[in-house]
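Input: one structure, supplied below.
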Amino acid sequence: MVKPIEYADADAEVRAVFDEIMAVRGVQDVNNFWKYLAHDPVELRSVWDTLRDVMADGALSPEVKELIYVAVSIANGCDYCVASHSAVAAAKGATPDMLNEMRRIVAMASRTNALAVSLRVPVDPQFEG
Amino acid sequence: MVKPIEYADADAEVRAVFDEIMAVRGVQDVNNFWKYLAHDPVELRSVWDTLRDVMADGALSPEVKELIYVAVSIANGCDYCVASHSAVAAAKGATPDMLNEMRRIVAMASRTNALAVSLRVPVDPQFEG
Amino acid sequence: MVKPIEYADADAEVRAVFDEIMAVRGVQDVNNFWKYLAHDPVELRSVWDTLRDVMADGALSPEVKELIYVAVSIANGCDYCVASHSAVAAAKGATPDMLNEMRRIVAMASRTNALAVSLRVPVDPQFEG
Amino acid sequence: MVKPIEYADADAEVRAVFDEIMAVRGVQDVNNFWKYLAHDPVELRSVWDTLRDVMADGALSPEVKELIYVAVSIANGCDYCVASHSAVAAAKGATPDMLNEMRRIVAMASRTNALAVSLRVPVDPQFEG
Amino acid sequence: MVKPIEYADADAEVRAVFDEIMAVRGVQDVNNFWKYLAHDPVELRSVWDTLRDVMADGALSPEVKELIYVAVSIANGCDYCVASHSAVAAAKGATPDMLNEMRRIVAMASRTNALAVSLRVPVDPQFEG
Amino acid sequence: MVKPIEYADADAEVRAVFDEIMAVRGVQDVNNFWKYLAHDPVELRSVWDTLRDVMADGALSPEVKELIYVAVSIANGCDYCVASHSAVAAAKGATPDMLNEMRRIVAMASRTNALAVSLRVPVDPQFEG
């Protein structure tokens, strides 16, 4: 069973990533996700570097990016990811109304996704471009 | 095999829904999804009424709503829905940069979702609230 | 790329399974699924034997069994399986109304599944039994 | 974190839905699903109205409808939904044999779905209609 | 709610399968999976017989077979299966490095799967062969 | 609609990635996946760098890594990924027998995943470690 690695028990390579996460997020400790992933320092570094860049400010606002993240996590059925990113979305400014609207969309998209698959609907020519 | 029902061949119940869709969206014809769903007029009416309300303006902007819709459709693997809602998102104002950022998030969320599941990460107490 | 194996080109082991499928189903040829699976005669035999038993008459009627099969195939996003088992369901007596009701259920279950996951609803004590 | 809303703490809009659910199902309290969904009264009303209609008697019997619901919930990996709808299915008349047969079908459909996807089997012409 | 059936309470049909599992695996008791599945002795027998054959030595080594099993269980989001087969993989010789590499692949495959679906990439002619 | 970007039309940033892919793989052209992803040069660079490292030689052999990749792609239902990585697996040394055994495992894991979810099997204490 993979066990979490706490900062006090981490080597320099892992601590460097933990330090960056805490600095960027302004927190005193990293989430369980990072402590468990620390068993594979190569993947820890790769995931953090990529995630930091993907979630940085851009054409989409930080809270919208988190809402999309939560939406995908719901569709993929990842309970840990739903819990943690719902909290992060709220911390980044997503209001309860925004979260509710996101949930309604995920739910209706899942319903219409199922219908489109069940009816084997061919893509309209105008969408094939 | 379910076949599409064109407006000319539709009964009054189906035509009423088609008319509403075309009016709300400002288009001359409905997409294949609706033509295939028309074989079940009860479901056609229910899906349209709910979708119209869920996707209406609210705390989230129309293009953000469509981006979330596309993100879920990607995660659920619905090709028709990815094709049609990507086009709708662009029509509602989502720029190529926004679409790219959305895709990057869906991809990284799928990667980290898989890692969280594989490591069986327990939810942090602060996320259990 | 896996290519289909036609009866004329099949060896005795594969032909024996094809013969059984045609006899049980009262058809002159087997579907593509079996022709592609024939590249692995061991799996072909195992899948056919199990599927024949699982789909045989029991507490559930044949058409209900096929409707459940289609419902799962929709949820799993298997286009081939949706196409073939929808046709088989109809051939076994599922009416268009039954197919429509099945599709509505798959769609609404997908919607509520997403909501339950998104809200992280704990199982009620009475369901834990 | 979304918290459940109990009847005593609910406003009139939510209580109206809770009252309908209890009346239709002949129960003294609603399940956790509805208490968590009550944070979004608009979605609560929409989901209940649609679900009540979709699961009402029709061409398929109530216990068959619930079995299909459970089958989809299994395929979607929603533990809450599997737990609650398995209980409801039994309450509506699904026998242990029916539940076992449903589970066998979900399992074998998942196996053959994977095979069809892995072999990239093209849809037979007779299923394209 | 399905309850586990312990060896002491099992009938001859179930005990026979339990005995085989313990003999093949060299263990003193069977996992919860088998105890829960024992409520359906027909499915218990079918699953054990097939699984034993599929996981037996062949062109792939036992630990590689288990790693593939875990990878699929992660992608399907089955927590029980991830937990049990990760342990079995280690017991059969998969090292922590192998498990880490498998997890990285599952994560990156999930990321690129999402991208390919989102971009609707057509299959290259050379892969259609 | 996203269109593929051919080498001749690519800018220096994209060509640099294409050049690396062709050099590492010893091929004259890149697959469609990369040509479509080239619309987002940042993601193109990130995905290639990570994938190259993840799939490089390590504790697992190249063909085993590809088999795991295909297995996940099947479970995620990505047709493009199944087609392309099945071909790559064969090119890297996976024999038809290995591919068949991988497919059998994906299929049986999908079947038992569904059963474990349907029976809500609790994780055995020895797997919680």
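Labels for the chains are A, B, C, D, E and F, by order of writing; each one numbers its residues from 1.
Assume a contact is a pair of C-beta atoms (placed from the backbone, for glycine too) under 8 Å apart; a residue touches a chain by one contact, two chains touch by 3 or more.
Predicted, not measured: the structure shown is a model, and the values here were computed from it.
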* Asked: Copy of B-D's interface among A-D, A-F or A-C, judged by over half the contact pairs being the same?
  -> A-F
* Farthest from subunit F in C-alpha centre terms, which chain would that be? -> D
* Most distant chain from subunit A, judged by the mean position of its C-alpha atoms -> C
* Asked: If you average the CA atoms of subunit A and of subunit E, how far apart do the two points sit, in angstrom?
  -> 27
* Asked: From the C-alpha centre of subunit E to that of subunit F, how far is it in Å?
  -> 20
* subunit D: which residues touch two or more other chains? -> 1, 42-43, 47, 50, 74-79, 83, 86-87, 100, 103-104, 106-108, 110-113, 115, 117, 119-120, 127-129
* Among line, ring, star, complete and other, which best matches the way these chains touch? -> complete
* Structure fact -> Listed in rising order, the residues of subunit B that touch subunit F in the complex are 77, 83, 86-87, 96, 100, 103-104, 107
* Structure fact -> As the complex stands, subunit F meets subunit B at residues 1, 39-40, 42-43, 47, 76-78
* Asked: For subunit D, which residues are in contact with subunit B within the complex?
  -> 1, 3, 42, 46, 50, 53, 127-129
* Structure fact -> In their shared complex, subunit B is touched by residues of subunit A numbered 1-2, 31-33, 36-37, 39, 43, 47, 50-51, 54-55, 58-60, 64-65, 67-69, 71-76, 78-81, 83-84, 86-87, 95, 97-98, 100-102, 104-106, 108-113, 115-117, 119-124, 126-129
* Would you mind writing out the residues of subunit C in touch with subunit A in their complex? => 70, 74-75, 77, 79, 82-83, 103, 106-108, 110-115, 117-120
